[in-house]
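Note that the chains take the letters A, B and C in the order they are written out, and that residue 1 is the start of every chain.
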Amino acid sequence: MDEPLVWQGRLTARRRLMREAWSCAGGGLLWLTLFLVLPSLLVGGMAFAGRDPYGQVVWDFTLENFRRLAGFGALGWSPAYFYILVRSLWLALVVTLFSVGLAYPLAFFMAGLGPRRRALALALVAIPLCTNLIIRTYAWELLLSPQLPPARLAAWLGLIAPGEALYPGALGVYLGMISYSLPFAVLPLYTNVERLNWSQVEAARDLYAPGWQVFARVILPQTLPGLSAAVVLTFVPTLGIFAIADRLGGATFMLVGNAIQQQFSASRDYPFGAALSLVLILLTLAGLLLYRRHQRETALL
Amino acid sequence: MRGRLLVLAVALGLALLYLPLLAVALYSVNAARVGLIWQGFALDWYTRLLHHPAILDAARNTLILALLSTAISTLLGTLLALGLERYPWPRRPRRLLETLVDLPVVTPDLVFAAALVVAFALVRGLWAGFELGLPTMIIGHVTFQLSFVALVVRSRLALIGPTLSEAARDLYASSGQLFWRVTLPLLWPGIAAGALLAFTLSLDDFAISFFTAGPGSDTLAIYIYASLRRGLSPELHALSTLILLASVALVLGLQRLAQKES
Amino acid sequence: MHLLCLLCLLLLASCGKAPAPPPAELNLYIWSEYLDPQIPADFTAKTGVKVNVSMYESSEEMLAKLQHAGGAGQYDLAVVSNMLVPTLVHLKLIQALDQGRIPNRENLDPLFLDPAYDQGNRHSLAYQWGTVGLLYNQAKLPDLEPSWAVLFDPARQRGSFVLIDEMRDQLGAALRFLGYSANTTDPGELRRAGQLVLAAKKSPRSRGFEGGVGGKSKVVAGLADLAVVWSGDALKAIEEDPKGELAYVVPQEGSIVWADAMVIPARAPNPGAAHQFINYLLDAQVGAQLSRYTRYASPNQAARPLLPKEDLENPVLYPPAEVRSHLEYQREVGEAARLYDEVWTEVKSR
């Protein structure tokens, strides 16, 4: 540890270097430990605690919360929480698919523009990001109201009764979610597409490769870092969203996020909320492991 | 054919992003108080906003929260990235730390908002004077911004590479000189991008603010959410349109700044 | 270099930011649309104490705020549902009232003095009272059957409806529909009521849950045909409706009668001002002004002569004897509270 070594042009000792490293990164690491790791461990522990009739936590070891998760609730057995989980996963999957599916053309379109137009396009994508999630959510409530064109069109097509809104319901949640995730999907993809090696694409075309092969064999591998970033930035927040499902889904479209939020406010059942959060953490950790395995670079911007 | 499909996809994407916001802007100038029948053009709702102390407080809270949390997270995140990238960490600890730092990026913010609530509840159990408020909100925001900043800065560091630092060392640069005259100027775009990302994330956030806010420290998002429970109102539309216009100004302004720098 | 300077300046600015609250301020935590804004303005003019009004939409939200989010140390005065007063006392979230500072309590109707939920009015004094019922659009649903069946019986549902996001009120409605007491502690009865509400929520005619004035807002906006609401909100909507299409009815199976109470949180920063304001609200004039604004029934006996005759004879506000016989006060259910909570959580989560 004390032998001299040369690191990035510098003659020093490993111990000295590592001490510097810790003092540099230490602040951030300490913060993350204090405010991320410890609270997460606390949540893990609280998932096994109980609750008294007044909403206070009772620190006795119990598996009650997990029993409820497995379906043995106050209204008899029901696979309700299982459905909630599956519904959340499915929503995240569909939203990711659509968002990334729309993000690709958008990214290519933007990359093909001249520099000034490109900046404008970037701005157009970034602006909704700065307005708040809540505003974008209730904007959909307004847009899907009975008196506005979308609902009127649906009523005219006979899809819904006249005078009805297009929410609360699954459609509103999906639309709201896709619209929310789109900028998060476009931005990383765009930065990747911008640096695309077009000569490879040209070479493939010169070799008479059909369109889909050009995409699958040349473009896709090059955009993989951006794509994986886009997927993560879309899939993960969708799993935990509750505001959109709350406003656009009413109480009829329950997601894990809603269930968790409810435990921490109205129901005041922190241990059960902790158990739900634990499940969500495990889901995302599984996702993270998969992400790490396919990851090539950490290029995000 | 492919060109047309592309344009269609782009149009759909832009529609999804902007149609709802345009609807809000449209109804913010509708004279009708209740309902959605168009009753003429009116700017009343905007003037009413100015006399709303709750909204002004919420706006101030939102801004202070965003600025402070961005400042702290940019500082900590940059140092974190430097500490991880520029030093000879052994392979195992490095992967562990990288996973730790990546955690907030790949965790739904609801989860660690809930974790913070639990932690703060426990702290209150031990120290009765502890209350939720702006400080707890800042803590919540910094925690997830940190990872994003670190991510951005790390990728920038990877792009720069160690060659220039080595060259500077070969020319007998001290650590201080190396940092201030080589690393920082090269890293600056990455830091700025990270800070911008952090700022945007703070403005866009709802979940973490919602869970860590105390009475009196409402952000605009929380205020709007609470008002929504009472029904849509034109004042909300006016407020949202103003926020939209502020976002437009912010983004275009920053672009102008970035263009000037380059 | 510039960046660091900017950061330092920001940090310094934040340190000097938080000023101590000015001495003469009252933080009030109350349901939305439940207080005539003129009243706190008049109070400020009279006493110099500034009143900050914070609003909530559901009892559970209020309870969560007081219990877990520091509300007990931030608010000076809260208006809460009477049924929660024993819980708040048990959780040590409210303090005892200094009766000496509230001479106007004599103005209250004896019915509201020394109630079962708060013996001797040690912790609370009545604010307004009302009933739980259905607000509906008569034009869309003429001759509506005055029964909870329009929510719970698929064969007798008539139009789209909004359920109320209040655990005891909504479960109480289902319990009354089934012929049980709204204060039952029987798990079987509760379960059946829960299943009814759950089925109603999942029905295609349901428009979700709304707390406080949300249900009324949806009916007024035309997004729903009927909603479970409180009497005062319904009366406001009826009177403000330009087309005169709205009506309120208390279902024949019976419903809930409730009274809201003024309480002072345990660590209120300014309890003196809180007592002053309570006393001010119990004044006969102010009591009448309050009821005229909120459109709820007043527990203030001294205020009654100051109320318009149409109000006193309005069955929505002051239900006639035969309706009153079917009304039930909500009571604490002790250990069964946990069961109510669980049933309600299941209803909301599934």
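Basically, a residue touches a chain if its C-beta (ideal position, glycine included) is under 8 Å from a C-beta of that chain, and two chains touch if they have at least 3 such contacts.
Remember, predicted model here, so these are calculated numbers, not experimental data.
When the interfaces A-C and B-C are ranked by how many C-beta pairs touch across them, A-C comes first. Among the remaining chains, the Cα-based centre furthest from that of chain B is the centre of C. Chain A and chain B have Cα centroids separated by 15 Å. Rounded to a whole number, the gap between the C-alpha centres of chain B and chain C is 36 angstrom. Counting partner chains per residue, chain B has residues 35, 75, 117, 121, 232 touching two or more of them. For chain C, residues that reach two or more other chains under the stated contact definition are 68, 222. For chain A, the set of residues touching two or more other chains reads 145-146, 264.
Looking at the complex, you find that chain B touches chain C at residues 34-35, 64, 67-68, 71, 74-75, 117, 121, 124, 129, 131-134, 191, 213-216, 226, 229-232. Listing the residues of chain A that touch chain C in their complex gives 51-56, 73-76, 78, 80-81, 83-84, 145-146, 163-165, 168, 250-252, 254, 258-259, 262-269, 272. By the touch rule above, chain C contacts chain B in their complex via residues 3, 6-7, 10-11, 14, 17-18, 27, 29, 32-33, 54-55, 57, 65, 68-71, 73-75, 210-214, 217-218, 220-222. Looking at the complex, you find that chain B touches chain A at residues 2, 5-7, 9-10, 12-14, 16-21, 23-24, 27, 35-37, 75-77, 79-80, 82-84, 86-89, 97, 99-112, 114-119, 121-122, 139-140, 142-143, 146-147, 150-152, 154-155, 158, 162, 165-170, 193, 197, 200, 203-207, 210-211, 220-221, 224-225, 228, 232, 236-237, 240, 243-244, 246-248, 250-252, 255, 259.
By the touch criterion given at the top, residues 58, 60-61, 63-64, 67-68, 87, 90-91, 160, 163, 165, 190-191, 194-195, 198, 201-202, 206-209, 222-223, 334-335, 337-339, 341-350 of chain C touch chain A in their complex.
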